[in-house]
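Note that the chains take the letters A, B, C and D in the order they are written out, and that residue 1 is the start of every chain.
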Amino acid sequence: MNGTGSENLLQRTFQRVLGQWRDITSGAPDDAPLAPGLPDRDADRVRRQMRACLEGHGGEVSARARAAALGRAYMSLTAEGRARFLRILATEFDTDRQAVAAAAIGLDELDDWGGRKRRERQLRAALEPPRLRLLTQFNALPDGVKFLVDMRATLLALASEDEAFADLEADLKSLLANWFDVGFLELRQITWDTPAAIIEKLIEYEAVHEISDWDEMKSRLGVDRRCYAYFHPRMPDEPLIFVEVALTAGIADDVQALLSPREEAEAAADTAIFYSISNCQRGLDGIGFGGFLIKRVVDQLSAEIRRIDTFATLSPIPGFRKWLDGYLAEAPGELMTRGERRALAAFCGADDDAECLAVLIERPGWHRDDALAKTLAAPLARLCAHYLAREKRDTGRALDPVAHFHLSNGARMERLNWLADTSPRGIARSCGLMMNYLYEVDDIAGNHESYTGAGEIPASSRFRALLR
Amino acid sequence: MNGTGSENLLQRTFQRVLGQWRDITSGAPDDAPLAPGLPDRDADRVRRQMRACLEGHGGEVSARARAAALGRAYMSLTAEGRARFLRILATEFDTDRQAVAAAAIGLDELDDWGGRKRRERQLRAALEPPRLRLLTQFNALPDGVKFLVDMRATLLALASEDEAFADLEADLKSLLANWFDVGFLELRQITWDTPAAIIEKLIEYEAVHEISDWDEMKSRLGVDRRCYAYFHPRMPDEPLIFVEVALTAGIADDVQALLSPREEAEAAADTAIFYSISNCQRGLDGIGFGGFLIKRVVDQLSAEIRRIDTFATLSPIPGFRKWLDGYLAEAPGELMTRGERRALAAFCGADDDAECLAVLIERPGWHRDDALAKTLAAPLARLCAHYLAREKRDTGRALDPVAHFHLSNGARMERLNWLADTSPRGIARSCGLMMNYLYEVDDIAGNHESYTGAGEIPASSRFRALLR
Amino acid sequence: MNGTGSENLLQRTFQRVLGQWRDITSGAPDDAPLAPGLPDRDADRVRRQMRACLEGHGGEVSARARAAALGRAYMSLTAEGRARFLRILATEFDTDRQAVAAAAIGLDELDDWGGRKRRERQLRAALEPPRLRLLTQFNALPDGVKFLVDMRATLLALASEDEAFADLEADLKSLLANWFDVGFLELRQITWDTPAAIIEKLIEYEAVHEISDWDEMKSRLGVDRRCYAYFHPRMPDEPLIFVEVALTAGIADDVQALLSPREEAEAAADTAIFYSISNCQRGLDGIGFGGFLIKRVVDQLSAEIRRIDTFATLSPIPGFRKWLDGYLAEAPGELMTRGERRALAAFCGADDDAECLAVLIERPGWHRDDALAKTLAAPLARLCAHYLAREKRDTGRALDPVAHFHLSNGARMERLNWLADTSPRGIARSCGLMMNYLYEVDDIAGNHESYTGAGEIPASSRFRALLR
Amino acid sequence: MNGTGSENLLQRTFQRVLGQWRDITSGAPDDAPLAPGLPDRDADRVRRQMRACLEGHGGEVSARARAAALGRAYMSLTAEGRARFLRILATEFDTDRQAVAAAAIGLDELDDWGGRKRRERQLRAALEPPRLRLLTQFNALPDGVKFLVDMRATLLALASEDEAFADLEADLKSLLANWFDVGFLELRQITWDTPAAIIEKLIEYEAVHEISDWDEMKSRLGVDRRCYAYFHPRMPDEPLIFVEVALTAGIADDVQALLSPREEAEAAADTAIFYSISNCQRGLDGIGFGGFLIKRVVDQLSAEIRRIDTFATLSPIPGFRKWLDGYLAEAPGELMTRGERRALAAFCGADDDAECLAVLIERPGWHRDDALAKTLAAPLARLCAHYLAREKRDTGRALDPVAHFHLSNGARMERLNWLADTSPRGIARSCGLMMNYLYEVDDIAGNHESYTGAGEIPASSRFRALLR
């Protein structure tokens, strides 16, 4: 995601920084470059540098210059070398066990308020690992924030395989969560007048409906279309998350129609359809601003275009087909009405409804066979509604990740749309079905409560009818 | 410092925010405004709101809207009401004693690494007081950062009289230290083309050499003068700290000459004199960026004007006269040479040197009496040098705060200047003496080490001669 | 108006230009500076340079570099030297009499359309004086436009005394009229966030109600006040004309009240009062954009603040007192009713109404004597209404210049206000009277027609009552 | 060139304008839209509107609103309708023959200076056709300047077939020449951070070496490449002309190598190669700023990158092949040396050198046949050098338009490059040959003089050797 381009940029800017700081760092880092794989001899040099940064010799300004040198060194390493670098940070600059124990002992017996508070502060200080300070020092550099975001992306990958990295990853996450507080983010509208370098990134980062070329991107920024992204002031050229919106007459039910080029504005547009939301920075996983983004855009559009009074999504159902395969394999009981069953028999030799369904949705191009598609519509919709509204994780959240995202933002389930995404991916992942989630401004807080509290899933009567 | 103007702005912007969020907050805050003194009945409403924000009913977006309502309520209170508001926050939303104790018990006996790490994380979480989250929620508001900076200014005043506020103040400081990391700050040159609203603030905030009117300010931004300030991206109209610089031929020794208007650029300018550094936000006390500011400006000026190769200050010695009075009162022994003593006798009836000095520097206008001034020059300079270089606090840092600031930034003591500031304030605080601290780029890190480590004070041979 | 500051700037920028072009101009201008008074010997050098620019040796780029050198030379001259420089331009680079005559002869006898058109083009070319091309060449310089505007200010002064400069002035006017077409101008709102350098100029240029200091200026940009100025893209730091507006409840009738500081916004504001319009550039005299400015501001305010639906001025009547003195001296007949006459007799020994009036309005502080002021109100208002609506120049336009400006913009006479400007200047120039001109959007075109066509003066019935 | 996109924009903006002005124009234009072909009945309405604009009923502001309505009407017409509209303007709003004659008669007999000047001014006024004022009025509109530039593009096409449009086209050209004076133009560097909308236009407008897609464009803005364009402040989204530059080690001789993507910066780059210059606005034909653009870019690059000290082009020779065909057809005498002739005989049956050449360069892919290409190199180079340096128009200017452009800008002929452009177009138009023109800063003015004065063509000795 954050490819060579940005790394080259980082290297360039570090060099500039080093130029700037050059006269300030006495005892500058050895000039000999590190070997890219960070063999033991070089690992020692890195270790010493880290220690020097933390001890702050020569003052905080010098420490930051040293951190720059370290950062440059890190950028020059191979993936293996970087893993070694991070392992040193993760294991050798952790909290001091003795100090923590000393501060913790007897804390519960302290009775005077002032004394207890002082001890709590001591303990909190002891629990803060030194490496956190080093991570912070990188921020004095140009692109230091991007550097840390990319470092966390690397750590997330490493931590998934080796627990030793988990704590360092968590430290970095807490630091970034602080810095990427939504109050610091800047909402920008993306238009065809946005710098090409940023539009290029959106094309690359789009995760829902792939953008094939610049013409398609232009069309997504054209008549009756809107695009908004969050940016951080210290990463002004890097979108964090973006949403694509279509202004339509009524709630849209067909994403291919939405994506095709238009010539003229829709006179009767009264609805904003959020048809794609993509996160851009893997290193910010788990630091959520999607909910804020949607609401900021709702506010902005309401204020700007008075006639728009409905806000809904046209969303993929990424987990449906996978769930369906498992479900059908377990040969469930009653799936459909007698009439539906008869209709199905015309297409399928199998006795069993479930088997029959499983066979038919494997048939290539089934959705272009009108009669077959018509026959499949009702049973698939009913199964999908069940999947969306009834299937949950242990924690009580909806199994489908997109459903969970919108429900926890306070949306409700509005309408399930048949053959709404007939792209190969749409057919493969959700049998062509798509969902409209509705953001009804007055109900958002209540919906959120119902969902996160009681675990109830707000839905339109139309959708609920599918569940009976 | 942060007067009515900015409060009005805050109130305006909160109203705007509430407007924006209005449809999102269901169960919006009661509309009846709080009584300004926050009597008990209203304190209960505030308490409930705080709890609601922390419990996050209706989702994080709603919580932030509630925080906005709380913030608006706070702004409408009197000083007394605000103190009550903050006391609730300080005492009722602190860490949970039981939870802390539970997490701490037995920590030192945990032997497996993974288990200990998990417990440390638990403990860290327990030590984080809930109010910290509430403080963070204010950041989603326009001017939320300024709101918190001003709140800390209020807390600093309260905490100096009542320990109950100290922990809340410390929480807020840690939050702000994180957000005001120097890497986030933006250096801007201030010129006559800077918005009037910002220039007005500099006039107000100038703490070293008062600016009497706009003409004087214009002259300080004119020929051979520079001014730089740090800003935070979320407080773009509020300078945090600024420095005023004069480009001179050689190291300047007279601040009145420096402040008088000039017509033409100095052809032979080879030196940048930092003659005034002022902090603007009381709420950021103790979060130091002065050292970074000086070095950034040194970098910038070096790059921009090749012929400038000397960087020094012309600094006040704010504590000299106060120290001197105490020193003289203790009737010290040898103060001066026989020649000096004889010269002094011509002006003073007293037998005792110290008494004599004490009397003479009380004489109004002594510095305009050439013969007297000449007689006082040597003894006062010697005493002042002693004060600057020898008088220290228990911690080992220099007693004079300006000296401590520059020494810990890596400067050295360069030259003491006689009758360098003959303004009433200059005479009253330092008998007209001023110091040049020199920033020699190659020595900065070493000087810093000498001072912060061994407690040695780097000085020019000329200055050292005064100490013999 | 365009003082030393801008000239210094010009000299600086010319030097920069010359630096830029230095390598391009072969045969660069002699380095020896011209003598400031431009004696004959140096005048010859100037003449040669002008010729070289016009002949375009070395190409158009070189010609422009030469024009820069000439411009720099001009800036270095004294007023006398500049007059000589301009005289050379005015008299030696005029149209070629022979060429004009040759092209004109027989033109009326040409019968074929094509031939006549060709001849017309020849004639037009012959009528274009060479110096016009030289004036244009200055535009390639930074601040070239400002240079020409200032040059025209100088020419206007010279031309008023010596007809020889009139044609050059007219050439320059036509060039500037072309470049300052209103379509090129940029409307900017001036606020307290506008650069200090521009606000300083507004303080200086304000021609109607003097601004005494920065605090007063801040108040004029504060609550319920607006200020707009036109700028040219090539003079971005120089306002061309600006208007000050107050948002009031109803049409204001007292300018002192308008100018005094306010604390809070007026909840019932429904009217925009244009209380000051000032031209800033003498060199643009006669190139009118005042009418456009008013209408642009009306548009902008209408769009921005829905509740504002009345647009009027509170204007000085600069010529009233001067006219009144003449009028009274000619001892006119009936001036007032018997009742008024009796009331007046209480204050004045004179027999004659006119004489009595003339005496009384000379009495210092008459407007603070309530009884006297009340007595004078009706007769002065009647005379002033007569002056405004009946006294005209030969051309039919209103004698009062402010009245003429607003009437030709399509406003109507709305209301005459007694003791509306009691500043010394207001009393001296218009006996404290001020006018409201009303811009009724639907009537603007019609009012303009009535005034510029039939010479009729649109007025409210209230105002017309004064004329009976 | 200026397609539907911009027309739609114009229509939108006119509507906005009409909205803005709506309240000001009383007696607004009929609401019924014109028929697109402008039949006689509608032509009458247009005629009346034009007259109303010129007579200025309702004031200048109203006139401009009317001009906006007229402009909108024009935009709604078909090509045929527009031609009718323009014909009305061209033939019915021309100068008044009688007035011109009256002012011209007896002019040559006027002896007093003042009288003659007055008469000249009268005559000049009479020679200014009324339609010029109408054209100017369009400038008060958003995009009015672009409107006029596009109108001139239309007029140039019409005038090439019907002389009746020529004068209107010339009027418009003089107006635009005034407004597009180079002093008003803004040089912008185009980078990958430039808005996509502008980069898209460059891709479209590139006239020399076609840009196939966005990747190629990105590469032309990448490492060691530069791009600069001129813009007008009133057409900020429309490039007027742009130049593409490559930074190379030595003078480049192969445009395909230049256009292929690069990974890394060239360490030894000392030369800036201007390899493509494209005009973007047909409506500005004949208003030259190419020479200024080159010199501004030379200045900018010299200042920015010290090591660059050579400035040259790698230019097409668009007219060579066409000229060559004619030349060879006339069977010229001696073309080549005996050795060359013999070498050629190996490939060609023809007796005649010229015929032989003519045949061989028709052979598809001849340039990929090494032996053949080697044989053709010397004779073709010699012929091309002759074409470039010896073939001239009657006016004395070089026959090849690119050669003329650079020579009149002061460049010299530096080097002819064999097989420097092997694209189909390069082979077809210039047998693969390309020229380097060298801009030697010190010689530019002298070269210009030699070329435009004596008609001499400056050339390197190497190039001159080809001419012997």
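We take it that contacts are C-beta pairs under 8 Å (C-beta built on N, C-alpha and C of every residue); 3 or more make two chains touch, one makes a residue touch a chain.
The structure presented is a predicted model; accordingly, all values stated were derived computationally and were not measured.
A.B. asks: Would you mind naming the chains that touch chain B and likewise touch chain C?
C.D. replies: none
A.B. asks: Approximately how many whole Å separate the CA-defined centres of chain A and chain C?
C.D. replies: 60
A.B. asks: Express in whole angstrom the distance between the two chain centres, defined as the mean CA positions of chain C and chain D.
C.D. replies: Chain C and chain D have C-alpha centres separated by 40 Å.
A.B. asks: Report the inter-centroid distance (CA atoms only) between chain A and chain D in whole Å.
C.D. replies: 49
A.B. asks: Which two-chain combinations touch?
C.D. replies: The set of touching chain pairs is A-B, A-D, B-C, C-D.
A.B. asks: Please output the residues of chain B touching chain A within their complex, sorted ascending.
C.D. replies: These residues of chain B touch chain A: 20, 23-27, 57-62, 64, 95, 97, 100-101, 104-105, 107-108, 114, 116-117, 120-121, 123-124, 127, 136, 138-141, 144-145, 163, 167, 170, 178-179, 181-184, 233-234, 291-292, 295, 299, 408-410, 441-446, 448-449, 452.
A.B. asks: Can you name the residues of chain B that touch chain C in the complex?
C.D. replies: Listed in rising order, the residues of chain B that touch chain C are 192-197, 199-200, 213-214, 218, 237.
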